[in-house]
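Chain IDs A, B, C, D, E and F follow the sequence of writing; residue 1 opens each chain.
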Amino acid sequence: MVQVTRKEHFSASHRLHNPDWSSEKNAEVFGKCNNPNGHGHNYEIEVTVAGEAGSDTGMVIDLTKLSAIINEKIIDRVDHKHMNHDVDFLRGIIPTAENMAIAFWKILKPAISEGRLVSVKLYESANNFVEYKGE
Amino acid sequence: MVQVTRKEHFSASHRLHNPDWSSEKNAEVFGKCNNPNGHGHNYEIEVTVAGEAGSDTGMVIDLTKLSAIINEKIIDRVDHKHMNHDVDFLRGIIPTAENMAIAFWKILKPAISEGRLVSVKLYESANNFVEYKGE
Amino acid sequence: MVQVTRKEHFSASHRLHNPDWSSEKNAEVFGKCNNPNGHGHNYEIEVTVAGEAGSDTGMVIDLTKLSAIINEKIIDRVDHKHMNHDVDFLRGIIPTAENMAIAFWKILKPAISEGRLVSVKLYESANNFVEYKGE
Amino acid sequence: MVQVTRKEHFSASHRLHNPDWSSEKNAEVFGKCNNPNGHGHNYEIEVTVAGEAGSDTGMVIDLTKLSAIINEKIIDRVDHKHMNHDVDFLRGIIPTAENMAIAFWKILKPAISEGRLVSVKLYESANNFVEYKGE
Amino acid sequence: MVQVTRKEHFSASHRLHNPDWSSEKNAEVFGKCNNPNGHGHNYEIEVTVAGEAGSDTGMVIDLTKLSAIINEKIIDRVDHKHMNHDVDFLRGIIPTAENMAIAFWKILKPAISEGRLVSVKLYESANNFVEYKGE
Amino acid sequence: MVQVTRKEHFSASHRLHNPDWSSEKNAEVFGKCNNPNGHGHNYEIEVTVAGEAGSDTGMVIDLTKLSAIINEKIIDRVDHKHMNHDVDFLRGIIPTAENMAIAFWKILKPAISEGRLVSVKLYESANNFVEYKGE
């Protein structure tokens, strides 16, 4: 068993806001992340797949293929977008890094057929990141 | 003459859009950066000041002071904001990295009295950055 | 279960020295890290907390709060300090990265009440780092 | 139990090629990585060792010693080499990052007697890396 | 006048060797960089263009366009290649970082028509880089 | 003319303190950097040399040689040292990054005979750095 990881990047904006709460409560809980016009990040996503290194290829999964899957399923749908308005699979979800990582996992899990998805790591900034392992 | 540099960070969103153009021309020129809801970045700003290292302090300017100036004049006004809507000194300006660096220079120039401002460098992402030297 | 991580930075100096040993043995075991006047590092600390993403906030713990806890409990007490002389909770401990990570864990564990502390990672330099998971 | 990690660097070239396959199949499976003259990388290797922090040294293993082991056993044999032609312990192995990490593990495992080797991580580039934990 | 920079990446191998010299002299001058099978690097190239920020676009040159030029003219011809054997425009040139930067400049100079090329910076590794400004 | 740069690293501690001043004035001017026991940094030094790329070597100066010069003249004398107490060539100088860069320049200038020293850049941390160009 070896783990292989591919990192991809995207730029997006989001606003942390719970529509069930008053403006006051939203401001209190989410602070400047509740700014009505949103703010943005250069996100980094690391997708890790575990498996055997194939005896004829020496690979768990071709990282070029894994890159293509991440780009088709995730990056093309979130890059240069506003997470609260432009992304169908995030509709109704507060786009914290935690919820975004879980949503990305749900999409990637069935899309990866060589090896087994074991981790989705999402960097919101150099100092803030989250990891979801599906359990 | 020594040059000293302080780096600061902020997260913001922006949209590249020229209001004098049609939607079609905006989409053609700015591509996905023209997305109506905007998109975001983790920006890094490097401010460079040149001067003599003072004989009694060994410093051109105390970097704690320089950091405070950058935070008060720039970061506090742009962090977690939407450049097109929330920032008074960017009103009427297309918020490309080029125009943002020039706008930051104009604000910082008169605010720095120890040493002389010689460069404002703005990183939009790890792969894209601009530098303005005031001329 | 999601894991969220916050990174913070501090600068400090230390000296590796076992007072029960002779100068010769200290020099032999710790090499240039035994220099009597100490030497220093820009340390990075990554604190990881695991938990459910709250249904109303989408967060395990607000990273602004986690940052405040790390700063109050750790950074404010070690930043710009000499680990062997200036830090009460390190008294009597050889300040290797291993021992510092364990000491930080003991302080952070009871201070974090949302989610559960699962890892303290301490980077002494880009090439040397340690991780303590509490067991 | 604490985990300590040492990172080292080397530059090398390799070619992904399965000699049991036709040129066409090799080109199809490995793409531009099958270029006959090879291509190269700045590799980073992270070696992680777990153990108790010794009561008299405060260390799991002296990172200077760990660095010396990695350099003697791995770096000196692969740095500035062509993985397919110049490295005896890789003979007959397709030098993917997966296979290289496994080969490094086999060499390092018996060479580390303080603490216990728990992970070999190999970065082929900033965006591609693998990890092998020996099972 | 603003300067804008775009960074791109490629992986390649090379060998430092002067065919006019004996094997002994080559080994003496170039050391392990003279290894007959070559060795490799993850190169980073930073291309800087200076100009006015256009009043209707706010840009010196669209960085997407600049990226496309660098990819078409340079990256596609050197990525996953052996500099000594596979690259026509490097034929007869010892592929040091210095000579590669000068060769890249000669190709990029006439290809950039918005703004003016002012610098080609080439990173061979995190610790070694060169810059050519055309004079 | 090409510029080549070599980066090296060292860890050291220092204290900002002007012996001609009272304790109160030192504390006021240098803040926490005046802590009597000092504090530390992982410094990075970038040394840039300009010259022609030799027609037979393709190099301005062999970066292995430049690395050896920086290590012998600077790193070996400051690594794991306390700048205020352990370094002869810094005696009587307040060890700010500015003064250290100037002191390093004075030592390196006569030691580099291939090409011409054009810049010494010193990073005290990821966010603070200085550059000295000898004039």
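We take it that a contact is a pair of C-beta atoms (placed from the backbone, for glycine too) under 8 Å apart; a residue touches a chain by one contact, two chains touch by 3 or more.
Since the structure is predicted, the reported quantities are computational estimates derived from the model, not experimental observations.
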Chains in simultaneous contact with subunit B and subunit D: A, E
Superposition of subunit A upon subunit E: rotation angle, C-alpha, nearest 5 degrees: 180
Equivalent interface positions on subunit B and subunit E, same or different at half: different
Selected pair, out of D-E, B-E or C-F, that shares over half of its residue contact pairs with A-C: B-E
Chain whose mean Cα position lies farthest from subunit F: A
For subunit A paired with subunit B, centre-to-centre distance based on mean C-alpha positions, whole Å: 28
Sequence positions of subunit B contacting 2 or more other chains: 126
Chains that touch, pairwise: A-B, A-C, A-D, B-E, B-F, C-D, C-F, D-E, E-F
Residues of subunit D that touch subunit E when the two form their complex: 9, 11-14, 32-33, 35, 37-42, 79-82, 84-86, 125-126
Touching residues (chain side subunit D, partner subunit A) in the complex: 16, 18, 20-21, 29-31, 93-99, 101-102, 126-133, 135
Touching residues (chain side subunit B, partner subunit F) in the complex: 1-8, 53, 56-60, 62-64, 67
